[in-house]
Amino acid sequence: QQIGVSMSRFDDNFLTVLRNGMEEYAAGLDGVDLQIEDAQDDVARQLDQINNFIASGVDAIIVNAVDTSATEAMSAAAEGAGVPLVYVNREPINVDTLPDNQAFVASNEIESGTLAAFEACKMLRAQGLGNGARGYMLMGQLSNQAAVQRSIDVRDILGTSMCNFITLIDEQTANWSRDEAQDLMTNWLSSGEEFHVVFSNNDEMAIGAIQALKAAGISMDDVVVTGVDATQDALVSMSQGDLDVTVFQDAAGQGSGSIEAAIALVNGEDVDQKVYIPFQLVTPANMADFMSAN
Amino acid sequence: MSDVDISQDGHARPRDTHALGEVILRTEGLTKHYGGVHALEEADFEIRRGEHVAIMGDNGAGKSTFVRQITGVEQRTRGKIWFDGAYVDFEGPLHARHAGIETVFQTLALADHLDVPDNLFLGREKTKWNWLGPFRILDYRAMREDTLKALQKTGVKIPNVRNTIQNMSGGQRQCVAIARTATFHSKLTIMDEPTAALGVQETAQVENIIRTLKDQGEPLILISHNMRQVMDLVDRIVVFRRGRIVANLRKEETDGQDVVAYITGAKTQPAYADAAA
Amino acid sequence: MADQAAHGVGGLKYDHSKRQRPAELNVLIALFLIVAVFELLGFLIMDQSFLFDSAGRFDSIFNEQRLQIIILQVAIVGIIALGVTQVIITGGIDLSSGSIVGATAMIAMSFAQVAEVNGFPNPKGVFMEQGWVDLPVIVPIVVGLLCGLVAGGINGLLVGYTKIPPFIATLGMMVSARGVAKWWTEGQPVSFPTESYAAIGAGMNPVIIFLVLAILFHLVMRYTVYGKHTYAIGSNEAAARMSGINVQRHLVLVYTIAGVLAAVAAIVLSSKNLTAQSGMGVMYELDAIAMAVIGGISLQGGRGSIVGTVIGALIFGVIISGFTFLRLDAFYQEMVKGAIIVGAVVLDQYRQRKAAARA
Amino acid sequence: MADQAAHGVGGLKYDHSKRQRPAELNVLIALFLIVAVFELLGFLIMDQSFLFDSAGRFDSIFNEQRLQIIILQVAIVGIIALGVTQVIITGGIDLSSGSIVGATAMIAMSFAQVAEVNGFPNPKGVFMEQGWVDLPVIVPIVVGLLCGLVAGGINGLLVGYTKIPPFIATLGMMVSARGVAKWWTEGQPVSFPTESYAAIGAGMNPVIIFLVLAILFHLVMRYTVYGKHTYAIGSNEAAARMSGINVQRHLVLVYTIAGVLAAVAAIVLSSKNLTAQSGMGVMYELDAIAMAVIGGISLQGGRGSIVGTVIGALIFGVIISGFTFLRLDAFYQEMVKGAIIVGAVVLDQYRQRKAAARA
Amino acid sequence: MSDVDISQDGHARPRDTHALGEVILRTEGLTKHYGGVHALEEADFEIRRGEHVAIMGDNGAGKSTFVRQITGVEQRTRGKIWFDGAYVDFEGPLHARHAGIETVFQTLALADHLDVPDNLFLGREKTKWNWLGPFRILDYRAMREDTLKALQKTGVKIPNVRNTIQNMSGGQRQCVAIARTATFHSKLTIMDEPTAALGVQETAQVENIIRTLKDQGEPLILISHNMRQVMDLVDRIVVFRRGRIVANLRKEETDGQDVVAYITGAKTQPAYADAAA
């Protein structure tokens, strides 16, 4: 069986783990052949890849959507050609109207930012800053849905009565990149403002911020830093007492789950059309459980 | 004083004064500096309707610079210009051409990747369906036919006018530039070394074109290093030296030897003595 | 004068039969060679034909679906490339087209949203409050084209009147327009268009729009004053100016047209994808330029043609589909794609050079 | 011959005092103007000085931290821009530098990993099995520089010997090298470098490396045959060839140097970040080109200088820091950044044009 | 038959045969077509050591094309070339120059953005620290001094040699190109219309340079449209017409009238009758 996979991007840490999970799982199955394409974060390219898969006559298609609001056209293309389609990792916008031979295995992005921000809020309270704390937020690429959503989550948490003691001094984009985050943090430091927390849309930027803070001689005990992804680098950083909070998502599990669903659809078996995989909070307390997970 | 002379500074300059409207172009104190290079200094120049004037001078004397100031290719450092009875300040060569000055520049100003008819009609194409504005249709056939006629006047041989200009020989390029100017009527024609790259026959033909202009009463400024040519064709010779005008000679009152003396600096007209200092 | 003799005014012997081949022919040969290579590899590796295998699903000798997707997937960037071609012929460059696509798609799509999705109010509605939903399709189209017109016009004014290098003018626009795209909804995608808007880019419509525009601009570049002046400016801007062409005004027109074409691409793209995203069109400018260059254009200006660009776009499409057909690993795809782009142009150059040029 | 007279061989009056200002001066003025604007806005909006406020933390009238970050954040792209400047002076362009950074960083970093992290075997170790860990720092450096050398050399060979447009040659390399970067570890980042490797890009080292290289190449471009021939090729390639310059070999040298400089940037970058990622360096090529162009280079070739590029880089740095200082919204940042890039060049052009040039 | 004549086709061609090694350059059947344009057809040409030969002909007759084939700027369509006793096939002008051919091209081949000394020494800069290879240091001072000397020989006036070439007048540019060639010794010098843009004085100076070459026994191919100049300077005149050689005239046996007759086609030498058909 030939399965075409369109990943939103190849050079993302988390998605690489997911991709590897798929490949490993498929390698263990007989007669399943994966063809994985890189959509390079371009919705239009992704739609074209799906059409190319259809022209090549694949048996099923798995899509890690660049943007979940672009899934309608993809569902329509696959449905028109009668090819089963599985969305992985990101919940499609047309989740309630998926045709019968389509399904999704995904997490709800709203959880990730919320979990991290809420944990940070609790930690700050515990440090006795309950009557006023200040922070910065590092955002991912603003054209990326996860970045936008995770930033909204943080703002929402800071709007709740429990956490509204935290004020954001500034929020800027560092485009997911450790390097840009490092420079941005240094720029912030040069204004000499006092702050207690750094929210970051992903671990890479969190690590960049930590590197900048350390270079400026700031003790990591004085600042709470949050990330998302629970990458190896992040966990090492956490074990060194630098990173305080991150969020884990079972990438490999999503990968294998999506292939399972695709094969079931090809064989005409009954499948759950919606499979939610929850995010999990990672703190120094439970980090050992995730050390070799992602 | 003629009506075009509205100089206010009252500074006395040597000049002939002419009747109203007889002067087609006059410059006063025309000056151009390039950084530290004083390429043109205080040039007072005048040409009347129907008159053919030659400008001569060493290489680098400022002749082409003078042409570039008149035609608006560059903005002058200072000085005044009157054309056709009005004070003018051309923003660019487009304006000069609209005012009626046709020029063969020393650099020729041809578009290398276009063919001969395209270059000849550049900026004033023959077109159909003019209501289409900038998208009006080119009349290739008419332009090609006119091109062949214009080229024949210059005597040049071009085996295929559809070839791009970059593939033309030096003389062919020059003839295209001359044909372009000769095709359109104008109030003043300027030619900067038009026959420099031309062969014996082609030179003779271009000299014929110039004689035709004379017969039609169209004024001409001719820049040339060719003494025979100048003596044959023009009424008056203006000599540039080191960025300044040093002589203004009627052809009848001079000869080649004399002109060379002015060019080399062996002689200077008394009227321009201070300039040549 | 006999028509035969009407090509020149004498001189050297001139042999009509040996006229130089148009440059586009070389590009076309490159295209066929690439197709042939994929066919060959298909037989060797995949045991299947690239273009001629109907996979039993269609009643034609061609794999029609593949033929369609080959051109469909480059049609939208192809529309941009038509404008970029004109800009490059003037000796300029347009780096902003991808960002103009992003900004235009966002703005146009906001005026093309439905009021209700599945019976609920549209969750992504940008102008829900103002009630600007379910508008006639002409509204988003006009708004979109206006966006392109303004952005392109600014490019043109900058290049024409301030004389700054086009690279910088359009780089500035690239950065700014991307900012506008992100700012418009603060990064949120705009979705759920009306049916009539969705129809614009449905099916093979993008291809039809691309080809119609390509033919139109082929004619314009070849047979109108606009085209002639575009080439003249690229060939020798000083000469064009001295010849009395209003270079500044013309440049404004060229860049504006390029902007409008980018806007057309944006409308088609967002309609085809049923969504608009602030990240849409990233790197399209490079693809569009590459199509034009593969099509034989010179970045120095003065040379190139719309036909070449269309063939260049097809080469792109064939490469993309060919890779999927061969099931090449994504990693190798990129490595090989780079090599093929270079190879296509090397081939073209080699053939052109055989018709040895003057140094 | 008196030294005073030794500037020419007579003719027109020549006034030494009125020599034209070097173009770099205009760029420098633009830099100061931009700084002044940020100072002014700082006083108006933030009630704080941009550069002169030490925030009570340092014993200097300057905000030293800000001065440092202004240059630190552009030092790495600046290193690339030094190579790109040379390429552009030859009339070429290098789109591949960002991708070369990505590929080189991945490969070099793989040879710079530690065996153990926190007592566990390095989870990211690329060459753990081969035991190539804890290698001396010279190994990753040499490997990295070789990567740049090869990639740049290929660019140079393509441009010099096949005569394809540099845009296409380096576009191909851009796509291919990015493919290599992703393929190297199948997209996995490479982390946990040795201490000695980490030291390369620590603290202000990137700035020192940038400035030393800048001075070196300033001297090379100005006082050596290499520099002279680089300018000559960009000014008139046919003339350079007819004058007996070995244009092809020279182009190989220029592009190779650009590749090596990109590799230097990659090593510094990965060291500074303690990680290498396949997406590193994306768009650096555009930033590098923009720095050079803001610094007064002409994309037609033949003109420009290293000094200009360094000032161009500083303008970039000031803009980035200035925005953060003003806490401008990210959306507006991009829009305004585009405008400032354009504005800086418009200003430069305007001042240059006052010293009116021949059309 | 001389030893350089190794033509195998046995086709009889009109030629003088000379003693071994006396011929510095010989071409046989040299032909160049540009697409359909037959710019050069079957040119058999010969120049001996110490000899000065002029090439004349209409615009577009193929003179510059001939020069471009000899100097390797373009690759010939067919034909054979011997230089300095050996069969040659230059890949580019670089090779021709290394072999000892110095050329002033009609297009001048100057780098617009460099100044005068840079252009004069382009490709053979004076340097210090040569062990640095391509990064050896330029000796600006020595080059500037030599430049001023070389320019004085041409008589041109350039107020500031540090100015870039693009800011030079047409004649100044041409003088820089000539000075470049005259500065370096060579086995054969070729000048394509060297005085076209020059003024009266500068022309005289360049003619002096050519006379000096003659005195030093260096051979020269001079392309010129100036009959007086040609008659003054050379030993022999070769006439091109429509891409073919139609006459080979010793100066003593001809005069201006006669040469013009060959150029225009009124006359053709019997030896070349088939060529001119």
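A, B, C, D and E are the chain letters, set down in written order, and residue numbers restart from 1 in every chain.
Note that in this section contacts are C-beta pairs under 8 Å (C-beta built on N, C-alpha and C of every residue); 3 or more make two chains touch, one makes a residue touch a chain.
Protein names from UniProt, one per chain: B, E = Sugar ABC transporter ATP-binding protein; C, D = ABC transporter permease.
None of these values were measured; they are calculated from a predicted model.
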item	value
Chain separated most widely from subunit B, comparing mean CA positions	A
Greatest separation from subunit C - chain, by CA centre	E
Gap in Å, rounded to a whole number, between the CA centres of subunit C and subunit B	44
Euclidean distance of C-alpha centroids - subunit C vs subunit D, Å	30
Multi-chain contact residues (two or more partners), subunit B	34, 36-37, 58, 60-61, 73, 92-93, 107, 156-160, 167, 242
Shared-contact residues (touching 2 or more other chains) in subunit C	11-14, 178, 182, 186, 238, 241-242, 329-331, 333-334, 358-359
In subunit A, residues with contacts to at least two other chains	10, 38, 142
In the complex, subunit C residues that touch subunit D	95, 158, 162-165, 167-169, 171-180, 182-183, 186, 238, 241-242, 286, 289-290, 293-294, 298-300, 329-339, 341-342, 345-346, 349-350, 353, 359
Subunit B residues touching subunit E - in the complex, by the definition given at the top	34, 36-37, 56-61, 63-65, 106-107, 156-160, 163, 167-172, 174-175, 193, 196-203, 225, 227, 242, 260, 263-264
Subunit E-facing residues of subunit D, complex	1, 6-14, 220, 223-226, 228-229, 231-232, 234-236, 238-246, 250, 253, 302-303, 358
Parts of subunit E lying in touch with subunit D, wherever the complex brings them together	73, 92-94, 97-98, 103, 105, 107-114, 118-119, 122-125, 127, 132, 134-138, 144-145, 148, 151-152, 156-162, 166-167, 180
Touching residues (chain side subunit C, partner subunit A) in the complex	55, 57, 63, 65-66, 68-69, 72-73, 76, 102, 118, 124, 178, 181-182, 186-191, 269, 272-275, 277-280, 282-283, 320-321, 324-325, 327, 329-331, 333-334
